[in-house]
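A, B, C, D and E label the chains in the order they appear, each numbered from 1.
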């Protein structure tokens, strides 16, 4: 459509992963409303097309074709790497730019198979690097256990963590295992961690398992440190694990508390949806801003123009002032490690 | 005692009994004879409320029972020895007998009755701890009969109680029927292929053909009736 | 149309539902701020909603109840729904088939790629359903792990393509046969299990396959899956995405036609009869000289074969697969397709697949209520059509008229 | 007299404590009708189950002499379907039809072990398969005609009246072209009229020269039909001989017939 | 050695948890031969009810004991109510239907219940209040088994014993067994089959609720999806032990739990479920009707 810019928003909006997908929808709405209020992009209004993919590859292809059929110009999404990979070829074929707030699988950018893919979140390897670096150099641990939730996101992260730990030569990985998400009891694996004499646990996955494990660790009087990814850096983690969460570390986008844009974003969210934003909200918000800016600069939604704009133009976003490299990863997204201190994530 | 008025019943869209009216007086032995598929079992199942009575009325004494549920009907004192025995396969013989007396509270009398049926069928006593499902056909038939006896019903519906039994036992079964009828004045409604013997002990009889009562009368007169002799007595 | 008594019962019912849903619907707590929201308004919605629903429910039930045997199951040949009657009279049947086929052929040209795409998914499930129908519908073997064979098919293509760059057409039969072999390997030891024990073992097997794919990264690339799998080749010509989708669509149409043909033939063959008999009474079957184990194995592996084939297509269509697509829920859905459509009925399976696969897509309109409605529909359909949407049509044989004994 | 088609020697069957069969010897000859009678629980049905491979006897031999000649076959411990292929067919005391298949289909199943068509045949349905299929239908239909169930051909088996079901079981067994037919209380639940028809039916079946082993409690039928009678009690053979001998036998009268 | 003991108790805890759900499964299956897939979700609803009631009460400052009692009661009452209603709505109309129809109805019901809770409450994980405090006297072995763990073990054992007695000796128990074997005949001896079935569902669901309460306390969090996962495991356990048998359900659960714990402890938790299911397959191959399951003795 010539008179409006159609932005697809795809991700898990129902099912058990909904809580990771819905915040992006809110972010998209906020940005779109703001831009439209200011007269749109070069006079064109933004129209959002929100589609659910339940984080399942086969559904994602349907979602993608639906978006393409209904003429989306660019897409914010998808949420899960698997779904994203399944959907990309369809967007690629239609020459549509896709920017994900949360798909962290490195291959998405590094393999070069997805030229039209961009993301505002650091890939697994980058995150793992930060965590490992922190565990080794800041905390100076030498024996670590790496645990993951067998999931797309968690296992990817964990494998890189293991890789870097071993390469560093400074520490040994005393345990590398996956836990079954949703299991009714984690005492066995905790006993095993205990037995491995790990000084710290690096966990790859989301907060539900994280809080179960850390609680069980404390129940079993296991005081080893707990270091994790930004799937865990979520208020819910602290709230569910409560006392036990104290002292746990989690990596995430560079501190957003003093970034004016971030503060504003959260503010808007509170006003519009009277609740705190959820997982990946900031990344989604940033992605929207980046895409909007690119469209404005390129004054078109044609892929190459957009890519050029994204790679050259710096944008100010909640996650920092960013632009994108050849592969599509955001440059300038600071990453840092937080610790839970009396109920809050505090940047280290 | 038991009274059916123009009863209709069936399965799915098959009408198995189209128009059945009959009456059983208190303390009577009445038999229902008919060819295979005539609707005898269906009649009994309808009285017991297992098969829904689609139209017509069924009375026990003065009250209507055709809209009652099977368990309510049993509570009224109507009890059936169903076709095909329906032994609880994984309950022991003893437990099967207890189930027969499910409605009863009088523990003492129950123990007596248990001894009584054991005395009637010693084999059952022998096998009291064997699973009902593993009994031989005839043993199961005896068990089914005994289970019904355990209920001490006012009205007893018997569907081919002699099926699969050895000649000696068949004699015995008919003796028993007569006995409980005369001793404890139990009303008996008897369905038999073995029409000859049935009519021997019965007071009255009905003939059912493809779902309709076609003839009725005193047992003796039915025995004498040439058509019946030809059709059902194999004479 | 409603007696006062019925109205009363419905009122009581809605009261009951108000009570039932009270904690979940009314109370909502914010454990962190320690605030309780009492959502009293919901009581009203529940009350009114359940009242009218129960009215409708009664009305419909009254229809279906039309006097059935209470304790003894009754079946009869005359009992036929309209659809079944249409299908039984050749004249109507043919016209129906022709028109369905016609629609099927022009479909991708009148509808959007999206429509075509979900239609392909539906068609894939039709095939899965027909495959499982052999196992469950005909042979009466309850298989809750059918998705395992689907996965075997999908991964055999994905891996063959990844490591040896083997193309779709070569992989198609391989995938099918591998799945069939898995079927035999599993079936051989467990097929002597009775009904639901078999069910749970197959369920376990399905899970095992998934878990292995998930954890054995070296082999299957684990949860991050296998990407950029080639779409089916078209005489070496590179197809654009849209035409590729349309191409796959037609492939599926052909595949379906073949499947229907085969299943149909199997159904009223010596083998098919043996399956059905086996479902009815195993001991009698053996006494009739049927080799129980062999017959079951054949059914099991044939079903698996089909699942394998569809698996390959699946991999080729999505071009990316990971274990997330092969959960128990998939098996459950496929089974539902078979039962809900009408056990052992080909048309039934087709109808079932279209309902259960297209429904969630078209329910997107309801956004978050999508799956809620989906679940409810499944229950209602079973309640109102316990035999399934379409009753099986057993082949009847014509007899020379003159003789009536 | 030529050699028996079935020779059973020292057949014994134990169920936990219970000895259902106790060193039973028995022989059946082609063209003859042999009856096996005895009190309830004597072990008759168990005997059938042992013959047909549903149970494996604790002890004893079972040999079949194929009527066409050839050396004898040891049936002990074979699977039921094998036994049937060798030419033993049975009916069940508690009817075991395929309830939700039509009458004709029930009989067609009987032809299974005498026909070959398999997957490929089923799918491509070549001339051989078609011929076979036609043969199955025709033959099944003929058998139904013989047992007088023609009018039920397309009726579901479960909807048949009891007596008809019993006859359907016989028809189904006949379809397997047995050389020895085992009937377990075929007359149970039939009225005298029907029993008489059954009598004729069994007679003209045996005219076709196959052997019949009959379990029955209806003495009228047994006495009129059988050439030889075995009487068992508590799993033991207590008498053997011609009907009139048996009728006269004191033990049999005491244990079974009664006055 | 200590490690072994620790794993042993982890396994027992896990097993006991499965058992709490498996018991309900087995009862329902025993009576109408239905794999009640909605059972796991009834357990979930039990947990949610307990969660809501407990949190509300604690916000209004009730004492812990009162909270436990009331929450437990509420959970039991409502779960039973759900169980009862579900049977009436989704299964009773299907008594005469083909064997698989109720199964599908159950799957649909399961999907429905999950999304019902998801919509009426939330998709997020919620912190479940710790209802069972860590007792002082447990401190020395707290690293081996938690107070909650012990409680679960004890409760499970007690329930198992009670149920066994109920089934074997009480009138209703006899009625249940009769109903499960031959409904027609059960009616003919005067059993109200519908009531017996309802009672079974009520008891089964009540148990699920107790389970929900204890397990949620143990895990410390709940969401709408917990029922499904636990449900499958519990059902597996029930079958393993011989479905329909009360002690079987518990035995099967314990075996399953121990297998998983030791697999995790000595091999790898990556494959814990693989081991669990492989064990199932193996046992069933050698014991086709489960460990304590009685094979149907239908005489030929």
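The rule we apply is simple: contacts are C-beta pairs under 8 Å (C-beta built on N, C-alpha and C of every residue); 3 or more make two chains touch, one makes a residue touch a chain.
Fair warning: this is a prediction, and the values are worked out from it, not measured in the lab.
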- Sorted by label, the chains bordering both chain A and chain C are E
- Could you tell me which chain lies farthest from chain B when each chain's centre is the average position of its Cα atoms? A
- Query: Looking at every pair of chains, which two share the most C-beta contact pairs?
  - Reply: C-E
- Item | Chain ID, smallest distance between chain and overall C-alpha centroids | C
- Once you find the CA centre of chain C and the CA centre of chain E, what distance in Å lies between them? 28
- Centre to centre, by mean C-alpha position, how many angstrom separate chain A and chain D? 74
- Message: As a quick test, compute the distance in whole Å between the mean CA positions of chain D and chain E.
- Response: 49
- Cα centroid separation, chain A vs chain E, in Å, comes to 36
- Task: Check each residue of chain A and list the ones that touch at least two other chains.
- Result: 150, 178, 239
- Return the residues of chain E touching two or more other chains; collapse runs of consecutive numbers into ranges. 126-127, 184, 187, 270, 273, 296, 299-300
- Query: Listing for chain B: what residues touch at least two other chains?
  - Reply: 11, 14, 50, 134-136
- Query: Taking the complex as given, what residues does chain E use to touch chain C?
  - Reply: 29, 33, 35, 37, 45, 48-49, 52-53, 55-56, 59, 74, 78, 81-82, 85, 89-90, 93-94, 96-105, 107-117, 119-121, 126-127, 129, 183-184, 187, 232, 235-236, 239, 243, 270-271, 273-274, 277-278, 280-281, 284-285, 288-290, 295-296, 300
- Contacting residues of chain C [partner chain E, same complex]: 16-17, 19-25, 27-29, 31, 34-36, 42, 61, 64, 68-73, 136, 142, 189-190, 192-197, 199-201, 203-205, 207-208, 211-212, 215, 283, 328, 332, 335-336, 339-340, 343, 368-369, 371-372, 374-379, 382-383, 386-388
- Item | For the chain C and chain A complex, residues of the former touching the latter | 31-32, 112-115, 117-118, 121, 214-215, 217, 222-225, 227-228, 240-242, 245, 314, 317-322, 324-325, 361, 364, 367-368, 370-371
- Residue numbers on chain E that touch chain D, as the complex places them: 299-300
- Task: State the interface residues of chain A toward chain C in the complex, per the touch definition above.
- Result: 13-15, 51-52, 55-58, 61-62, 65-66, 68-70, 81-82, 85-86, 89-90, 93-94, 105, 107, 113, 150-152, 155-156, 159, 178, 239
